[in-house]
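After this come two complexes, each holding chain A, first together with chain B and then together with chain C.
And then the complex of A and B:
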């Protein structure tokens, strides 16, 4: 009898503890490409999110957070399916992702209608954050980065520049943001052209650039295309200086391009060599989980995006709702992330501090000018 | 009971069944399924149902070209894209609604198909397949690179949902009924086309185009008609997709989508319309159903496709074996030199 009572009490206690645990768990959704052509990015984002989440849950906060990861394969069909699924789950108060702008924007149509805050770590489409008050992004837009780089190049005396970029919404914004600023600074754009992602042979493009005789080349590419381009530039013996955006900032660029990456100038807002403790902590955690590899720009953005979302959830608690999380996100100011301080402006765009970097001796080295 | 009576009874039974099955399907699509969806009331289920229906239409339209006429079509998604872009551009630039964009999407896709068909329809076997591959890629690159007109990779936000003569149909159930009605009517039309003398003429091209030619079937003209009709229905599906998601970009219509639609037709069974429909349902519902498997779900989908081709060479309900058709189509490319010389086989065009 006593034994039975004891067992019953234990069970009840466990039941209460269990339900208490359930009540104190907040759910977030993360849609990202875990398989398919862009899986390498999605897998990195998940790793970064897991680091941020483990830290948050180990920090003794009054509640735990759970992230539901769903694979979108960078496919708009699957992206909207996931969006509907997340919206249906009443416990989910905020969503991260997707990777590409196309999928993020298709999913955003669902989130807009349902009033779900969405924070993408990479969506770079100029109109993404304009869809509704629920869309945020943790990436420096080209409206900010283009003029910054134009000014940098002008200060080096490059008046006549060529600009090339991949044929994506992001590439369009690279060329647009940069060219306008060059013209405003009194320079000229001698040549501008788009190439399709995954192009193998850049030689015809390079010879067209050279025919225009620019002082420098400004490029909008990710590391895979960047490495190809730089290698072929070196093979053709062309010494024109190359400038690029933070999207190319990945250790893989140097790994794939080898010596051809030497002397490339680019901007970044994440430096794994930065001695500040939060950056070193993230880099160490990342190395532990990836055989000693150093994280690039995108995982750092994802890590910060997740932490910004977690901070917003914390601010909105107790009893966070989608609306409260949205308002908390909108108030994000000077968030101390590994990609520098982040503030969301009135248009829900992240204002980032940019750092100038040059490839020297097979490594990214910050430079003053 | 004598023989003629037996035949008559069988005929009657057949006819009764012929009436019963469409009735049951109509009940399922327009009563049972919406009731179930409304019961669950989850946007996710509605979304999947609508998406599956759109792909049923895409698969059924490709069935006409690849299943019935036996032409390996590798660029179907491009016409789906032309339809979607027509709807999106008409909506965003001219402010037209779904009532107008739906038929226009189909017509524009059909027109584009007709124009590209003119120089390519004389091609046979693998040469035809390669030509459709090129057509699909060309149209995709136009969507991607003609930035001034299509907004290129930026895609287009489609501001208006479904409506009928100005009456909004944007609720969950109304959206489902709109998609279901359009898809059902289109599938009925495709069914009438493929189960008729016309469909049999197309089948004769699939089985032996030279023989069909000799019997007086106008093969080139028939191929062209099948190709254009199938593009019309793909365009209609594109309009549904554009108004349903509210945002389209060229990535939705790339080569891999053509292959997905082809896989639906092949897994379901070449030449069978119910097969094409089941194939579409399978390849849309399976990846969603397997979400629990995480990163392995696509491997599972691949495995199901592989096993279905291996164990069911004709697909689930097919008339012809996909392998046989492919072998004949691809084999023709290097068959003729030597003893077949002069018979016309192996010549890539007619």
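And then the complex of A and C:
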């Protein structure tokens, strides 16, 4: 509905502009889960992309951009099919997505063969960007976040830690990146285990963690699993400090976990309370479209990813090609986004500045240490 | 000295098993009568949870009213489900059609279709995000029993599951309605010949079974504090496994197997990674099917 409305306004705008000069349209693809278990994330990405796109098309650029959204259901097979479809559409010069590392990496194989630039807002598995020179991402990898958090926890005096993560490509990179850094800092990993995403009852796992008597627990989960985990931790009366990755940074975590989220430490690269004008502009636009809800980190990353892609398309125009868009993406330097300045290094990794955050009084509060 | 850790795991397993049992009861009841899997049972569960949540956010009624509301929605949903997905396939009442596998299997697919439509519709209306239940309504205040920590919800769920089981056994063995249900489940054609209104009996079964599904849904919503369109899927699978292990149509069997499932999952977590604990459940299913093709409690031929 909103999409159709948007398409309509885009068309009308194009019609008006068309009278002055032939309005070119550049097409981008966006693969993301719009249905299925992870649909909530994909829906948010689409909303963020629509905000970025509407702004771009309203800015009086010499061409218009259209984004084709395809539903991957977070299924690697589906993701690969979409990738083939995008590759076959000669008008598409760049692709955004997918959501999970697993699906992004499966689709990346297709994009690698076809020479299609791919920019994922969330795929944080270390191997993703290594697939070919066409893969970019707008998120800190676990190879960056793991050591950062390990250092943070070590500075708090937690020597003996437990680590759990969801059983996915991403979860494994959380455990890997973190555990190696803990050992390098001279600490010990007392307990390390994976759970299935969407597990309802963490109490067995929690009892098992507590038997290992860790000083702190490091967790690789998203807000749904995180909220259940934290709540059941509280139910069992366990006070061990919990640290987590930026993946759990969402207002929904606090909404669902309530008081149980108090004192959780995590990292983030987006703070909706940041007073800088572009952040506040995004937060306002988001609130307008979501009944006043505040965006989490993921939609912010999607918003920036779309804008980085649009900037690359603009740089590659007139007559952008896939190769020119790739080169323009690779040259992205100090892009002023809502998730901080983004520069792609030689490995096509976004070097993100991480912020330390703690849940205090029902809100995410930045902390110094 | 016995390690209290194992007692805690046992208690968690029992509570987990109870949550599976809660769903398995209604599921098995419907299977027992129609001899066909009702794939939409998980969505009835979800609908019950959403109905409760909508009621809570609209008028903040006492918890009993919330459950009654969910029961009413469950009854209505069960009735509509039967109308939509099952009744059209009972148009032909001759013996060949009644015994036809194709007829039964088509309801398997039609109920699956209804389940997909309902889930997607819920996603469109409510979005696929997890919705939180207001904290005053949650039933997870910790309760300490000796060395073991449980929550209030565990006792409520135990009470509700026990009441459902005893109530159903009473209904099935002591009342005329129950007699009719058992007759239809045993031999639909025979039941028709002796003057039982089979249509009405089937509808009654659906309404009762779906009310139980909806009650399970809202209880789970209050227990875990999150309501979302895909919430019925995993419990549906677990209830299905419990039903098959219990011998397909034995309600007490399904309940006992649900408890076995819960306990083995939580106990298994001690010895293998939590990611593998589901394997234990499905391993049990395979073992049961190999060594007890009629299920653990399915020796008696009489259904329900």
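Note that the second predicted complex is superposed on the first by the 346 of 369 C-alpha atoms of A that agree within 3 Å, B and C clash if a C-alpha of one lies under 4 Å from a C-alpha of the other, contacts with A are read in each partner's own complex, and residues count from 1 in each chain.
By our rule, a contact is a pair of C-beta atoms (placed from the backbone, for glycine too) under 8 Å apart; a residue touches a chain by one contact, two chains touch by 3 or more.
Here the structure is a predicted model, which is why all the values come from computation and not from measurement.
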Inset, instruction - Please work out whether A:201 is in contact with chain B alone, chain C alone, both, or neither, and reply first, second, both or neither. - result: second
Inset, instruction - Report for A:35: first if it touches chain B alone, second if chain C alone, otherwise both or neither. - result: both
Legend entry - Partner chain(s) touched by A:155 [first = chain B, second = chain C, both, neither]: neither
Inset, instruction - Name the contact category of A:331: first (chain B only), second (chain C only), both, or neither. - result: neither
Inset, instruction - Would you sort A:228 into first (chain B), second (chain C), both or neither based on which partner it touches? - result: second
Inset, instruction - Pick one for A:100: touches chain B only (first), chain C only (second), both, or neither. - result: first
Legend entry - Contacts on chain A seen with chain B and repeated with chain C across the two complexes: 35-36, 167, 194, 196
Inset, instruction - Would you pull the chain C residues touching chain A in the complex into a rising list? - result: 5, 8-9, 12-13, 16, 120, 123, 127-130, 132, 135, 140, 142, 149, 151, 224-226, 228, 230, 234, 265-266, 269-270, 273-275, 277-278
Legend entry - Sites on chain A touched by chain C in the complex: 35-37, 39-40, 43, 167, 193-196, 198-201, 203-205, 207-208, 211, 223-224, 227-228, 231, 234-237, 252, 255-256, 258-259
Legend entry - chain A - residues contacting chain B, complex: 34-36, 70-71, 73-74, 76-78, 80-81, 84-85, 87-88, 100, 102, 105-106, 108-110, 114, 125-127, 131, 167-172, 194, 196
Legend entry - chain B residues touching chain A - in the complex, by the definition given at the top: 42-44, 46-48, 51, 141, 144-145, 147, 152-155, 157, 245-249, 251-252, 287-288, 291, 294-295, 297-298
